[in-house]
Structures are given as C-alpha cells and as structure tokens.
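First chain A sits with chain B, and in the next complex the same chain sits with chain C.
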Partner chain A sequence: MEAWLDPALRLGAPLAFLLVTYAIGSAIERRHFRLLRVREVRSRHMPVATILEPPADWEVTGSALVTGSVVVSLDYWKRFLAGLRLLFGGRVSAYETLLERARREALLRMKERAHEAGYRAVIGVRLETSQIAPNGRQGKGTAGVEVLASGTALKLAR
Partner chain B sequence: MILSTTETVPGKTIRDFYGVVSGSTVRAKHIGKDIMAGLKNIVGGELKGYTELLQEARQEALERMIRQAQSVGANAVVNVRFSTSNITQGAAELFAYGTAVRVE
Partner chain C sequence: MTFDPRLPHEDGGAPRAHPLAEAAWLVAGAAVAGVLLTALAIGVADVASRWLPATVEARLFGGAFAPEGDHPRAPAARDVLARLAAHWPENPYAFRLSVTDLDAPNAFALPGGLVVVTRGLLEQVESENELAFVLGHEIGHFAGRDHLQALGRALVLSLGLQALLGFAGVDADVPAVASRLAERGYGRGQERAADRFGLALVAAEYGHVAGADAFFARLPDAEARFGRRAAAWFATHPVTATRIERLRAHAAERGWRADGPLTPLRGAGSAETSGTSGDGPEWGHRPGTGKRSHQASTSARSASRAPASSRRDSAS
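Presenting the complex of A and B:
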C-alpha cells in the first residue's frame, strides 16, 4: 500500500461527502425556489398584509385564524459554509437562502389554507422564527429552524 | 369561537373583555421521526415530521386556550400570539395566548 493513500482517503472521504451533499442540497434548493415562484404567482390574487384593520371599503362577512408553518433543516454543507464564515465574518448567504425559503413557504401555506377554506384576504400577519434544539450535545444531531406565519383570514362580501 | 390576530374581530364590535387566556403544551421529539430527520439533515430541506409534530402541538395549545376562553364566557379571542421555547434538548413548549372578548 502506498503511503500517500491513507491520508488521501482520510481527507477525501469527508470532502467527497460534502460535495455530494452540496450537489443534492443545491438541486433541492433550486427546485424549491422554482416551485415557490409558481405558487406565489398562482396565489397573487389574495392580498396578505400586516395591517390590523381591514380597509374601510371592505365588507367583511367572516374571519378566522389561519397559520402556516415549516421546519427546515440546517444541512451539513450549509453548516460547513457557515463554519467557514465564522472565521472571517460577514454575510452567511447559505443561511439567508434557507430562511428565505422557509418564510416564503410558511406564508404560502397560510395563504393556500385560507384560500381552500374560502377566504379572500389575510390581515394581521405575523412571522415567527424559532430554533429547534438539536438532540445531541454541542450542536450535534438534527437541528432545524421553524417558521410560523399566522394571520386573520377574511371572508368578503361581493 | 372566533380567533383573530388583529385587535378586534373584523366586522364585529367588542362588548366585553375577559382578560388574557392562554394554552400551552410541551412536546418531545419522536425517536422514529428523529432518525428520518437525521437523514434529511444531510442534504437539507423540509423536516416534514417536525412540521407536523409542531402543528399538532400548536393546535392542542390553541384548543386549551379556547377551552379557557369558553369557561369565562367569551365568544372570541383577539390578538392571538404564538410563542415557541426550547426548554431542553429535544423538547419544546408551544404556547398560544390572546385576549378573551365577547363580540357582537
């Protein structure tokens, strides 16, 4: 056995693992962004707002609480990138895209649920982000972030 | 029971206030779901098992809040807020609270 093979394997295996997770992870991410755009266009007819009072000319005939939530995971590649970022500081774009995906997904789920139940608009929208603690010690094990969107869905006359 | 995240129930008038009502539940992660989540953690994306778990738990917190509101004679809860806190590794508290009111 050649002497260079062992260190090469030792370094190469985690590196190959990282590259594979990167490839799969970014493919999933691209697909998700594509789907988000499609669904956002489809639900564009439904106004969603953080205002607490419906506009004066709306004739509200009913209302209900609606929520939408999603838990996304921090995968190994993103954690690796973020780990590098910790050395130099600056924007952690790997996590930015993750949270953007989660927020848009949560909002869409809320809108879609409101739409299915026959509501026409959502006001008083709030977004909450919370970290799901990993099971193991020191950040080992599964970690995730939950985004919850909640709001008041309105039925409108007309 | 009408729930609302806004300060009033749109289209109705508040007649009576009954104060703050709340409901909470503490949930631990399911080991089977955790193994699936561990696999999903490798490539990233949604952890569906957790999404459902938290949704279920939040629904229960809401139902407890509603029961409390009913017991004081309210017919609506306004300004509903949710809060999630990690108590310990693997367990989280889901909390819902709001102001119980009577609307017409």
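Presenting the complex of A and C:
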C-alpha cells in the first residue's frame, strides 16, 4: 500500500461522511422550511398570542390546554460546524436553523391540534426548550432537544 | 382588539451565510491556526530532542519498546554493535539490540539506545561488514538525535491534530495519522549524515570500508525476491544509486581503503561469506593513503556534528 494512502483514507472517510451528511441534511432542511411556510400560511387566520387574559371583546365559550412538541437532533455536519465554532466563537448558525425549525414546527403542531378540536385562538403561549440527552461528542447517546409549545386554546362564539 | 396575522420570520430574523461558505472560513482559520501551532510545536520538539540528555532519555525510555527478540545471529550483531559504538568517544548510550520477526530487511533507532533489526536483515547480510554499516548508520541517527526528533514530532502532531479534530468532533484515528505523517522518514540531510557517521565507524573498526555498501547494491534483488514487503526499507531509508555513489565519494575523500578482507558473520544463517572484496562492488580508489583507525575515529567525531547543521532541511 502506498504510504500516503493510509492517512488519506483515515482522514478522507470522515470528510466524505461529512459531505454526505451535509448534502442529505441540507436537502431535508430546505424541504422542511418550504413545508413550514405552506402550513403557516394555511393557519395564519388563527390568532396565537402570549396574553394571559382573552381580550374583552371576545366571547369565550370554552377553553383547553393545547401542546405541540418536537424533538430534534444534530447531524454530523452540524456538529462539525458547531465544533469549529468552539475554536473561534461567534454565531452557531447551524444550531440556529435547527432550533428555528423546531420552534416553528412546535407552534404549528399546537395550532393544528387546536384547530382540529374546534378552537379558534390560542393565548398564553409559551415555548420551552429542554435537553433530553447529554451531548453526544463521545458517541454516548444522541444530542437531542425538545421544543414544547403550550397555551390555552379558546372556543369563541361568533 | 385586532390581531395582525403576521408570519414568523425566516432565518430567525437574521440573515446567515451559506453553510458551506461558513465551513470554508472556519476550516481555513483552523488550518492557519493549526499550521502556526504545529510549526511552533515542531520547533519546540526539535530543540527539546536535541537538548534532552541521554541519561534522561535512558530513564524515560529504558524499559520501553520491544523486548529483546532473538535470532541465531543476534549475539554476533550485538557484538558488532558494541564494537562500533566503542569508536564513538562521546557515546552516551548503552546500546541494546533486538530482533523483530519481519522478512523485509530494515533497522530502526528507538529512544533509549535501542536498535531494532528485522530478521530479514540478519538473514540477508552476507558479511559482518555489511551489517556493521547498517548498524553504524543507526548509531549515526542516535548521534544526530534524529530518533528523538521523529518521536517528538509524532507526539506534537498527534496532540495538535487531536485538539483540532477533537474540537470539531471528527472521529479520525489521530495518533495513527500523526505517526504515519511523522514516519515519512528522516530528512535527506539526516540520512546523509547518518551514512557518513556509520561509514566512519566501519572504517575505524575494520581499517577499510569494503563491503559496506554491498547490501544496498543487492537490495533490488531482495525486492524482487520478497515482493512489495521488502519495499519497507525504501519507505524509511532512501536507496538510490546516488546514495551509494555519495558513500563511495565520501570514502575516497577521507582516504578510507575500499578493499580489504571481509569478516564473516558468526551464527547460523544461509548467507555465505567470501574472503575478499573482489566480488563485491568497488569503492572509489585512492590507493596508498592507508589511513588507519585513529584518523577514522576522529572523523566519526566530526561527523557527529554534521546532523546538527543539516537538520534544518528535514521538513517532513
């Protein structure tokens, strides 16, 4: 075996894996963002707010707790990008897009569930993020984050 | 109360660079930082390896590495090694020799004064003089502190790569990569200096340098016989016609006799030893100069300084 071949393979295999995970991950991400937009446009008629009391002019006929949750994990590529950020600092935009997708997806799931049950608005909305598995740098466990959207769904007489 | 049915911001409200562009900048930055750090660390490793006293080296590595493997010819080889080392006045090492069970002929200098030779080498040398030059060459690496430099660089490269790739979360087999990179061999200057040092020891021991390069002259045969595995020698030691020519020219320059009786190597083995250098390759002739061991050993002393000056051209 040529002398350069062995280091080339040892470094090349993770690099090839990186590029493959980038290609797959970014295709999935683009598709997800597209679908998020479509669903957001479809459900934009439903008011979603953080106010704790319904506005005075609303005639509320029923209410219920609604939730929507998403668990997301990193891919190899995003972990690599974020790892480089450990050296230099700065915006970890690889994580920003991931969490943005998770927040929007969680809100949409909450709204869609409320809509299916006949509710017209959700107030007192909160977003919570919690780590559900330790960071997987050493290959133990998978780094995962849950984003939970919750609120009070209202039935309105009108 | 009216609600403004706005859609959420895309991109979290802040535009971001293309991920590949971001990665390219980060990797380039890491590469620049890595190169600078590695260059600094290699400098530190080189200086440290030159100044690490042999006594400390022996304490650090005395018991490390291979146990003494054996071969019928090993006692004779140890004897040759001891006799050659006696011609190096400043020798701080208590040399040990161990045999490793490989077909490919090769020899290595390891920290702590351990010379490792392969079984293939012991079986393929046809006279004591041939073996003496190979062992003298390895002693030359000790004299130039080349063996420590290679180890220090491997260590430093390993640490540097580990820090960079580890941070980035890439699971590469870092120590293996680093040692592969570092074992690309010694620099050409180091090899040349070790050759001269070894040749001076041979001249001092035998009073002539006949047979010293016979082993290299035969190597292409060995490669044909053992296939690609014998190429291991080529990977760590340059064997070229130029090298042999340079050795002969150096011997002629120093006035070392190119002919003389070859000493048979003790111990069971298939190789036959011949009485004179008549059937071996000829060294460059400078008849009648008749320099003897006293001068040869002073040359060994001056050659020991050579690696220090030529160490710089060994960027690996």
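Here is the rule we go by: the second predicted complex is superposed on the first by the 152 of 158 C-alpha atoms of A that agree within 3 Å, B and C clash if a C-alpha of one lies under 4 Å from a C-alpha of the other, contacts with A are read in each partner's own complex, and residues count from 1 in each chain.
The rule is short, and it goes like this: a residue touches a chain if its C-beta (ideal position, glycine included) is under 8 Å from a C-beta of that chain, and two chains touch if they have at least 3 such contacts.
Please read all numbers here as calculations on a predicted model, not as lab measurements.
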{"item": "Overlay on chain A: chain C relative to chain B, clash or fit", "value": "fit"}
{"item": "Contacts of A:T61 with chain B and chain C, given as first, second, both or neither", "value": "first"}
{"item": "Chain B versus chain C as contact partner of A:F80, first or second or both or neither", "value": "second"}
{"item": "First (chain B), second (chain C), both or neither touched by A:I132", "value": "first"}
{"item": "Chain B versus chain C as contact partner of A:E100, first or second or both or neither", "value": "second"}
{"item": "Which of chain B and chain C A:E40 touches, first, second, both or neither", "value": "second"}
{"item": "First (chain B), second (chain C), both or neither touched by A:A49", "value": "second"}
{"item": "Angle, in degrees and to the nearest 10, that opens at chain A between the C-alpha centres of chain B and chain C", "value": "120"}
{"item": "First (chain B), second (chain C), both or neither touched by A:S69", "value": "first"}
{"item": "Per-pair minimum CA distance [chain C against chain B, superposed on A] in Å", "value": "13"}
{"item": "Shared chain A contacts, counted only where both chain B and chain C touch the same residue", "value": "76-77"}
{"item": "In the complex, chain B residues that touch chain A", "value": "2-11, 29, 34, 37-38, 40-47, 50-51, 54-55, 58, 62, 80-86, 88-90, 92"}
{"item": "Contact set on chain C toward chain A in their complex", "value": "1, 3, 5-8, 10-12, 14, 16-17, 19-20, 22-23, 26-27, 29-30, 33, 164, 167-173, 176-177, 180-181, 184, 235"}
{"item": "Of all residues in chain A, those that touch chain B in their complex", "value": "21, 24-25, 28-29, 32, 52-54, 59-65, 67, 69-78, 98, 105, 123-126, 128, 130-136, 141-144, 146, 148, 150-152, 154"}
{"item": "Residues of chain A touching chain C in the complex", "value": "3, 6-7, 10-11, 14-15, 18, 22, 26, 33, 37, 40-41, 44-45, 47, 49, 55-58, 76-77, 79-88, 91, 93-94, 96-97, 100, 104, 107, 137, 139"}
